[in-house]
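What follows is a group of structures, each given as structure tokens.
What follows is a pair of complexes built around chain A, which joins chain B in one and chain C in the other.
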Partner chain A sequence: MDKRLRLALQAAGTVVAIGAIAIVPSVIELFGLMQLTLFAAMSVLALSLAFIWGYGGILSFGQTAFFGLGGYAYAIAAVNFQDSTPAILLAIAVPALFAAILGYFIFFGRISDVYLGVITLTVTLILFNSVNSTSGDAYKIGKALLGGFNGMPAVPTFNVPFDPSTVLSPEQSWWTTAYVLLGVFLLLRLLLALPAGRIIVAVRENEVRASLLGYDPRLVKCLTFILGGAIAGLAGALYVNWGAFVSPTIFSLSLSAEIIIWITVGGLGTLLGPIIGCVVIEYIVAYIGSQQLLNSNLVLGGVLVVFVLLLPKGIFPTVRDLVMRLIPDKKPKTNGRPVPSAAPHPAGAE
Partner chain B sequence: MADIVPLLKAEHLTMRFGGVVANDDITFTLQEMELRCLIGPNGAGKSTFFKTLTGQLVPTSGTIAFRGMPIAGKASHEIARMGIGIKTQVPNVFNGLSVRENIWLAVRRKATPRQQGPAVDAVLEMIRLTDYADSIVATLSHGQRQWVEIGMVLAAEPELILLDEPAAGMTDEETFHTAAIIREINQTRAIVVVEHDMEFIKQIAKRVTVFHQGRVLVEDTVDKVLADQRVRDVYLGKKVAA
Partner chain C sequence: MAIYVILALDVLNGISSLFLLCLGLAIIFGMMKIINLAHGEFIMLGAYATVISANAGVNIWVAMLVIAPVFVGLVGLVIERCLIRFLYGRLVDSMLATWGLSLLIIGIITTIYGNTQQGVPTPLGGFSIGSYQSSYYTLFLAVMAALMMAIIYGVMRYTRFGLVARATMQNPAMAATLGVNPARVYMSTFALGAAVTGLAGGLLAPVSGITPVMGGAYVAKAFMTVVGGGAAILSGTLSAASLFGSVNQIGAYFTTPVYGEVIVFTTAIVLIRLLPQGISGRFFKGNL
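What follows is the complex of A and B.
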């Protein structure tokens, strides 16, 4: 059966991913490993928007607001407690709470999609400017100096839970980050296969119909938004752990735009696509950064234009469709899938 | 014994859009298990009336009571949970999902997980889309999508069913099937149908309410309404005379 084959493929893919993550440090040198750790942290951020945009139909231009809040929450808590365990939990809880408050006003205030974009964008700018102007000794939370534009250097990195004296090595950091990415991916996969996930997709597909059946679209979207915020916050903690440093640029608009490009290139309405998009784009940006020939923003813009015009579905759905076409197919091509997938068009564009 | 509370009672319902009065002081009563048809020319306010009943619009003034409970101004999902289901004029379906998922989303609000599968199959059977259960709704014809929406309304098992032009875009045979389903559901539930197809109305109607320019023009049995000179003038015209 189609359903069982899919499930078997997913299980096999998960096993391969677990194995691959385990052996990476023994085949790649330290610099490459650090780069992969960064990509994995960014991929968690990509998943947060892939979920709320691709499945929830909520196009947030300010996913970095939650990413940055998570990063700062982690840094401030880690400096104060000198233990990463409560800091990581706060990096999830603080952005989730902020998303709950922001989401309440956006969704229960029945603000339309366009304004949702404007508000999330503006909130990101407000946070950037607020944190940017916290230079000086007056701005400290507990023992943590916020440091304004210069950010917070020497943030304690992850340690073994409840054991601050044992700090993770770069290899252990890679495993943690990569397994968190895999865990978030599987969690979202599971959620989308459950009734809750199908309701989220139903609200994206038709809010009027969902409410006429008795579902509250405001609540569904708000909860989706909160989960997205929590995941982005976790990504923020992973990012700060990678660099042991956080500065206001974590809130930057260019990063917010980059997440949208990752998803557009990788494939909106999928979970794997945005991870692929994130890694490919970040690799290209890092490569361009190491030489002087081209400006990376110029290349990013070019890549986006090429994809929107030539591969509007993104890398992953295009490859998947090609593979499906190559496999001899006995059944009609409109076979139902266990998990509802790609929107026929970007939902935010409505 | 207390007075019998009607299933639905709208009183002095008015809906204004700026200077346009879409519904003007409408008073409408529906008893339990009743089958009522609403007819009237385009722009008479039938769909607006349905939208105020289902919370898609908040009436400018007036009251609506569902089994005695006020519902005017409540959110759509709250009204839906109280037991009012609607098939809208423009099909509102989940285009990106399969037929089965569409029906399932309606079924699961009331059925336990174990009942859901059989309940979905029963509805698929009734709307004759069993063979298309796994098709994505967007790939279906307009008529089939109408069926998907009717199926969702039935699957949710509401106490009151509102159908806004259920037979639009259907073949004669499909229309006949729709009429049969409506009569069957009416054994246990109240239904209000908006339709322009007079043949269809004749197949199902008992009492008919005629809307005209936002007001109730006349309300009577189907034969008397079709014979009414005013109704002929404003709506039926040559359709019946011919």
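What follows is the complex of A and C.
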């Protein structure tokens, strides 16, 4: 596909997405809408890891650390201010700051691979354990009681900016969540098309070569990690808005595992794939939860093993490659530029 | 005075159980550079094997010291043949696949035995020091840890299998040209690691609550200890287990068990930042 056709398709896709999000509440009943809102919030979380893992090459086993921090920052601020506007901003700023500290520690210490996995995993466990033990009246931030293992119930949900008396209805909540998802998606798409995004991918491909070209891989990775942390924090705020509730399970390892499963199933190195993976897997988990036949761990584990062994590229890239092969290529392939789909790791472009 | 003896026993207990828990993972990671995230579930399988056979009337010592390692070793063998052997050299994929495997095993055990806690009574009695109580089982665990260390050292250092395994670990291609089949070495090493892990699960069964999700509590600790210890199987694991085990128990003594864990995790992060190659990468280079 040539560049212009591609751009036109992407623009058309965006318009369709905007329209579809707008009309969904009028065609789906409330329960389905709530479920879709949850999927959209989780998809934002999926995008955060899809970006830092798929494009930045940083496999974080503890993306839920930022998700949970965002959720708790939102809940604490919302209880204290009784207004969601500063709370949402804090839910982005606190995890970003935490990611900056952690990222500085990790990347400027030249820690990579397994060690990065161990550190992100342990940080998540530290947060889980610490928040879990905050029950009792002694643990209070302003007016917000942390509540330990039981979490914080009755967190104020989103309101119209700077107008705490007007709380969003479920439909408006859906629109907010879904348009935030679309916005984050487009933002990342744009970033990856800019030189900055090319540098991020270059560092993933070859750190030595990128640094010989004058870029500092440590700084690039650190910034990528911070952006991922900020997006995960935003997802945390959206999640808390959905349930009006936050508890330490938001930091749990099983949720961390689920994010990785979404991306492996959907397709690493793409942005659309992880969203698809997230919705499909979450739908399956919700369906299994509603009946007694199978255990959700059994299915999730089986799916992950099968995908790693048999379909390591994931659903979206596999389907896209099949479609690309079916469309006859008008241009001869001898113009020196390889077809993007032929590359083993789809780089900056989808 | 008695309180210090008890604290020392607690530290000894912390170190020896951590060492037992990590040894199997260290063998697998040190030899093959495969991070087995289903390690916690191997422990869980060992514990279940012990509890179920003990409750079916088998002698507790047989269940613990024979049935658990043999059963988990066989499970490890099957898993290596069906899954792990496709993933050598693909570190991230091996982590993902074994994570999937861990969820799968949890799912299977939950489906069969349900989500309830099982247990066996702790064998051996207790003794008292001053006004404090302790159990002989603590001392037994320490003896078992020392024994396992001696056995693994003996096997790796003095037997033909150990020689071949170490050669394969250092240079698989060279070992293959000398007539060793690396695939077979990897297979038996993985099964050995699984069996050692199963034994750890069996030994810890009487002193822990046994549920299908119990592995989650161990896998992060084991993972952290093995990576903190570095590539040397015995000296690395022993030094990291000693460090983390004593930090954990002493931290728990002065604060609460939860903060003891938090302190140990923080220590691990600082350790990895200071010694990215692990303790043995710096101090016991080239040792076993």
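Convention: the second predicted complex is superposed on the first by the 330 of 350 C-alpha atoms of A that agree within 3 Å, B and C clash if a C-alpha of one lies under 4 Å from a C-alpha of the other, contacts with A are read in each partner's own complex, and residues count from 1 in each chain.
Methods note: a contact is a pair of C-beta atoms (placed from the backbone, for glycine too) under 8 Å apart; a residue touches a chain by one contact, two chains touch by 3 or more.
In this text, all values refer to a predicted model and were calculated from it rather than measured experimentally.
When the shared chain is aligned, no partner comes close enough to touch A:69: not chain B, not chain C.
Applying the stated contact rule after C-alpha superposition, one finds that A:78 touches neither chain B nor chain C. More residues of chain A lie in contact with C than with the other chain of the pair chain B and chain C. When both complexes are overlaid on chain A, the residue A:50 reaches neither chain B nor chain C. Touch criterion met: A:201 reaches chain B, while chain C stays clear of it.
Of the two partner chains, chain C is the only one touched by A:59; chain B is not.
Of the two partner chains placed around the shared chain by superposition, chain B is the only one that A:212 touches, whereas chain C remains out of contact.
When the two structures are aligned on the shared chain, A:119 is found in touch with chain C, with no touch to chain B.
Chain A meets chain C in the complex at residues 59, 105, 109-111, 113-115, 117-119, 121-123, 125-126, 129-130, 132-133, 253-254, 257, 260-261, 264, 294-305, 308-309, 312. Against chain A, the residues of chain C that register as touching in their complex are 35, 83, 86-87, 91-93, 95-97, 99-108, 110-111, 216, 220, 223-224, 227-228, 256, 258-259, 261-262, 265-266, 268-269, 272-273, 276. Residue ranges on chain A touching chain B, taken from their complex, read 195, 198-199, 201-202, 204-206, 208-217, 332, 334-336, 340, 342-344. Interface of chain B with chain A (complex): residues 54-56, 75-77, 80-81, 85-86, 88, 92-98, 100-101, 104-106, 108-109, 133-136, 138-139, 149, 152, 156.
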